[in-house]
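Please go over the structures that come below.
Here chain A shows up in two complexes: once beside chain B, once beside chain C.
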Partner chain A sequence: MMDASIAAKSPRRLGRRTAGRHSPFPLPWLMPLILVLGVFYLYPLLDVFRFAFTNVSLLGRDEEYTLQTIVSTLSKPELLQILWVTFVFTASSVVAQQFFGLFIALIVLHGEKRRLFGTTIVRTTALVAWVVPGIAGGIIWKMLFNEAPFGGLNSLLRVIGVPAVQWLSDPHMVMWSVVISNVWRGTAFSMVVMYAASKAIDPVLYEAADVDGANPWQRLIYITLPQLRTAILVNMILITIQTLNTFDAIISLTGGGPGRATEVLSLYTFNVVFRNYDLAAGAVLSILMLAISLGLALVYARFLPKGEPS
Partner chain B sequence: MLALAATTVLAAPHGSPAQEAITGDVVGKPDAPNKLVFRMTTDGPRNNEPAYAQGYSKLFNDFIAKHSDWQIELQMMSGDIGQEQARMLEQAKSGSAPDCAAVDSFVLPLFKKAGVLQSFSPYFTKEEIDQLFPFIREGITGSDGNIYAWWWSTDLRVLYRNKEIVPDAPQTWDDLKKAALSSVEEGMEGVLFNGGRYEGTTFDWLANFWAQGGKLVDDDGKPIFGEGENRDKFIKAVNYYRDLVESGAAPKRVATIGDYDDFNAAAAAGTTALFVGGNWQYAQLRTALDPDEFAKWVFSPLPGPAADQRSTGTGGWTVAAFSKDTEKVKLCAELARDIYMGPANALQEQLPTRADLYDKYEVFSSEANKTFAAALKDGQARPGAPVYPEISNQIQIMMGKVLTGTQPTEAAVDEAFSASLSAFKRS
Partner chain C sequence: MTFLFFAWPLLWLLSLALRTRREIFLGVSRFIPKAPTLENFAAILSSDKFAGYLWNALVLSSCSAIGCLIVALPAAYAFSRFPFRGKGPWMMVLLAFQMISPLVIMVPLYRYMAALHLTDSHFGATMVYIALAVPMVTWILKGSIDGIPKSLDEAALIDGCSHFAVFWRIILPLSAPGIASAFIISVIAGWSQFLVPFLLISKESLTPIGVGIFQYAGTQNDSSLQLLAAACLVSVVPAIIAFLTLQRLILGAMTEGAVKG
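Presenting the complex of A and B:
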């Protein structure tokens, strides 16, 4: 009884002692962070919402509050096509990055387990693509996809007797060329996440599977993927948001063309602000991007495990 | 690494006492009491071409020697000129623009309309202003009659050809198509031109519309290119390019070209015999090609629908002041006069905007530069309307759809016109 009573009271005493060591007024300590977040994140965000209800332009006309910007921006005839292009680009990139990230991570882990030479080289090589700035990546792929007789990939194809491919001038092919360049750059991030999560899987599970005579495919389906579920979903949220915001690599690779074949929502927003000088319409499109990102994040989050199983 | 370091050391301007005035991005003494921030393109001491960088270093040093109580901080723009100019306009509106800057001539009307530029009229004589070509003078003059920038260089588009493969200059659109098809038979790609999402696509192609007397906007700056006779002329000029691609006279890849350097690369690789390029590329070809190869390349005015219907787009760079400090505005104007108005033209062989400078500098007496200067008579600048950047954007989109065959010309033109009108109504 005595022991139980002490045990029941102890956390409360401990809590009081812990609280006594810290200030009962946390606000002064939080103020710097609140100020930084407020000035550099919250204020610009609120300003974007305010701009959306105005007709503000970079050209200096008088600013008026109006709903017309929202109506005219969201009813633009090209917006549906832009959203479709954005969907195809984002969905393809996310699925491919997730697949290749997991694939490379498993290969590296397998190689490490067998102490094979070159696993570090594979990891580092994939990471190199990740650290290349988007603009530079776009320029590299533009040289590779160049359809001139001296273009990178087509020259290689010619050597092996394969006809040249219209990587960028075929409106049906160009989207896949852009996806390839984006996947090349983004796979490393997925690989790092999958690699770290795979390392954390309890080896006992695999040992038990071996004892039960599971083949590699069954180990992947019944152990690896379920154990990686949380990491996969978190990774999907991160790379979806990252891909939705991608425009630097596209602007240097295709500029959004030919026509609007590769003009994603982020690039369209950029063009509206920096080519058409329409800050208010850009703000509406930014909010649309925010809504799409948040919506997708919430959908993914529904599939996240709600807590540790008891 | 050692080679790179050695190259950097050798390429860096050094040796003469005057050049010591440039330290990092600052020209002049660090403790000089007055400071001017100058935002510039590569037309300055940080030019990638060592000879130009050295030439500009000397010009800036000579300038600062005459203004020893000033230091000039040089800020470089990136290559994305459209974005750089839009950002600068935004900064000017919020009062944080540089004191003095390079402003692209095609966005100058936007800066004038926004009321962010300071008048240069007190610092240039009437004679100096009168010597400017009329379209240049008109471009820098505001509605109050004052000048708000100094437009120091201009350029134009021409048709380059390898005369070994295409001996005679094509005079008409049909001539060009025939010449390009015959070059294809000799293993070439055909004629190359900008057709991607790039300002050059619009600007280079507009000559074909202007040559017929077409107008993009009316006097109020309202788009009219999709109405009445203008629409017919516009469609005719678009179909000219479409036919070049569909007939094989131009490769389909033109829809992806958005960089004049691609033409230099194709010329150097010997894969094309014809391309639509800028006058500045002549000097670039001289550097890029062997003398024997370079000798094969000549240029001629852009072909028109008929031999007597010609036009060519003219652009160029200006220097303008944002500072409200009159001393800084004065120094900015003097910088435009002493460094750019003449000396910089001669250094980089960039066409001057004043007729008298063609006689003053020997470099402009070369046959090539004389021809360029003569071709300026057909020159036409982009309209000084605030909606022009969006018209250009819509033309680039339309051109991509037409050249790849994803939309009929008429529908693509009407869509571009409708979008331009909508942008005009919002502006």
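Presenting the complex of A and C:
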């Protein structure tokens, strides 16, 4: 009532009011989304926190509330090695994916400008690798890394006269093998992000640089990279989290071995829950994983320019 | 060089899949097989097991993609058009869901599903697929609805259309390209699912290709590489074809909606 009388007095208010009459309560529209995420994401997530304080197992013994699980899980001696493996795997994959993604995006942009043949082929092959399911990717690379003389990479090396490499059985080499296969699958995502962001850079900046006589290297350092800063950071957040959560590609490539050389945190959690049936310990590890993702995202976010419209 | 890095694994896969058993051991020197054969594909595709895997993957990924659209479209419309408090933060919360590893929620979900007898059912798995893909899909759809001029639906509202009519008659048809790419993206995501079906489905007759090929790989050895390669190719090719046919659309939607986050 009161609203209506105010609205009648001011035309601007009237306009808003008309919008307001139609302007709807968003909840019914959001309800399906809230329901699905609530039931299948949020509720289980809360349960994970509860499990961490119990001794619950998949074998269905009586549940008791205890802090013992947290203490024993976090003090396991192998955890330190798992975290180190996870760190090496994630850090090298992320750096390499970011680097190659940017590199290929710039090549593709350059090639498109000059209408070079082959640009589309490079872009498309990189993207195709991205669509390959993680499990299949692991199996494909397992065939390439086959250590027999006829294996996909070793026979290639033999042709150019390099001795065979123990891709998967040498505990030092295996980490790089896993990273290579992960970079193969993951680079396309960074490429898409970098490509879109580079296209959005104002061409006037480059024209100005040309007038000032900048060489291509200077253009990269002083224009492209600073302009891409936000995109690079956002991309780093996304691919870091993706990489931390990867385990299907590793389970089919090495299964975490040899020994524990490639057992990352997510694979370790998987094994704890579904091979040892230790649900409570798995919950503790899940929370640890979540905390690491969140922590990293916050660290990256600190470097984002302030006041950026999100 | 770059091309070689990305193409080599797939070319090698193809090369292996076309070989006879004897040529496997010749490595790169027989990159183009002397006697290329489609026998391996015939062997894989004619086994009931693989046909079943493919069918299950198709059912799961397309049902979940449809479900995803049903859930995400109204929400994307509301996020794009309705003014309400805390919209930006809510969009961020939505994105934050993607930070949670599926592994985390699978731990308790496995127990609920077992209690509800939803393990070994496509329905249970489909619901989880939807939940996993829906945040990303909502972002993509919001991006594509944002691209529709607001004046169109404002005009319709003034003419007396209800919000539902605007949504149904204007937004849906005009965002068809965005919807198509969101659909394909979620089909591809569903196709590559491993964890969810691996945990929730133990009956072989219900297993989708991702789990099927993993189990198949575990039973193979060096002398049957050609069969494994063919099986792998069969599992990979549908996703690649779906992607290639709509490549331009998908990339457009990705860069417009999700990536600009």
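The criterion applied here is as follows: the second predicted complex is superposed on the first by the 278 of 310 C-alpha atoms of A that agree within 3 Å, B and C clash if a C-alpha of one lies under 4 Å from a C-alpha of the other, contacts with A are read in each partner's own complex, and residues count from 1 in each chain.
In this section, contacts are C-beta pairs under 8 Å (C-beta built on N, C-alpha and C of every residue); 3 or more make two chains touch, one makes a residue touch a chain.
Since the structure is predicted, the reported quantities are computational estimates derived from the model, not experimental observations.
Student: Since both structures carry chain A, what do chain B and chain C do when superposed there: clash or fit?
Tutor: Clash - chain B and chain C, as placed by superposing on chain A, overlap.
Student: Report for A:Ala196: first if it touches chain B alone, second if chain C alone, otherwise both or neither.
Tutor: Only chain C; A:Ala196 stays clear of chain B.
Student: Pick one for A:Ala148: touches chain B only (first), chain C only (second), both, or neither.
Tutor: In the superposition, A:Ala148 touches chain B and chain C alike.
Student: Thinking of the overlay built on chain A, is A:Ile121 touched by chain B (first), by chain C (second), by both, or by neither?
Tutor: second
Student: Regarding the shared-chain residue A:Tyr268, is it in contact with chain B (first), chain C (second), both, or neither?
Tutor: neither
Student: For A:Gly259, is the partner it touches chain B (first), chain C (second), both, or none of the two (neither)?
Tutor: first
Student: Based on the superposed arrangement, let me know which partner A:Phe89 touches: chain B (first), chain C (second), both, or neither?
Tutor: neither
Student: Under the stated touch criterion, name the partner, chain B or chain C, that contacts more residues in chain A.
Tutor: C
Student: After superposition on the shared chain, which partner residues are touched by A:Asp278: those of chain B (first), chain C (second), both, or neither?
Tutor: In the superposed model, A:Asp278 contacts chain B only, not chain C.
Student: For A:Asp170 in the superposed arrangement: first (chain B), second (chain C), both or neither?
Tutor: first
Student: Considering 188-196, 206-214, 260-268 or 404-412, which region of chain B has C-alpha atoms that clash with chain C after the structures are aligned on chain A?
Tutor: Only 260-268 shows clashing C-alpha atoms.
Student: If I apply the document's touch criterion, which positions on chain A are contacted by chain B in one structure and by chain C in the other?
Tutor: 58, 146, 148-150, 273-274
Student: Residue numbers of chain A touching chain C in their complex, please.
Tutor: So the residues of chain A touching chain C come out as 18, 22-24, 26, 28-30, 32-33, 36-37, 39-41, 43-45, 47-48, 51, 58, 100, 103-104, 107, 118, 121-122, 124-129, 131-136, 139-144, 146, 148-152, 154-156, 158-159, 184, 187, 192-193, 195-196, 234, 238, 241, 244-245, 247-248, 251-252, 266, 269-270, 273-274, 279, 282-283, 286-287, 289-290, 293-294, 297, 310.
Student: Help me check something: in the complex, which residues belonging to chain A touch chain B?
Tutor: On the chain A side, the touching residues are 55, 57-61, 72, 76-78, 146-150, 166, 168-171, 254-261, 271, 273-278, 281.
Student: Give every residue of chain C touching chain A within the complex, in rising order.
Tutor: These residues of chain C touch chain A: 2-3, 5-10, 12-13, 16, 24-29, 70-72, 74-75, 77-78, 82-84, 88, 92, 97-112, 127-128, 130-131, 134-135, 138, 157-158, 163, 188, 191-195, 199, 209-211, 213-214, 217, 222, 225, 228-229, 232, 235-236, 239-240, 242-244, 247, 251, 254-255, 259-261.
Student: Could you pull out which chain B residues touch chain A in their complex?
Tutor: 82-83, 86-87, 89-90, 93, 110, 113-116, 189, 195-198, 251-256, 258, 262, 265-266, 269, 271, 386, 389-390, 392-393, 396-398, 400-401, 403-404, 406-407, 415, 419, 422-423, 426-427
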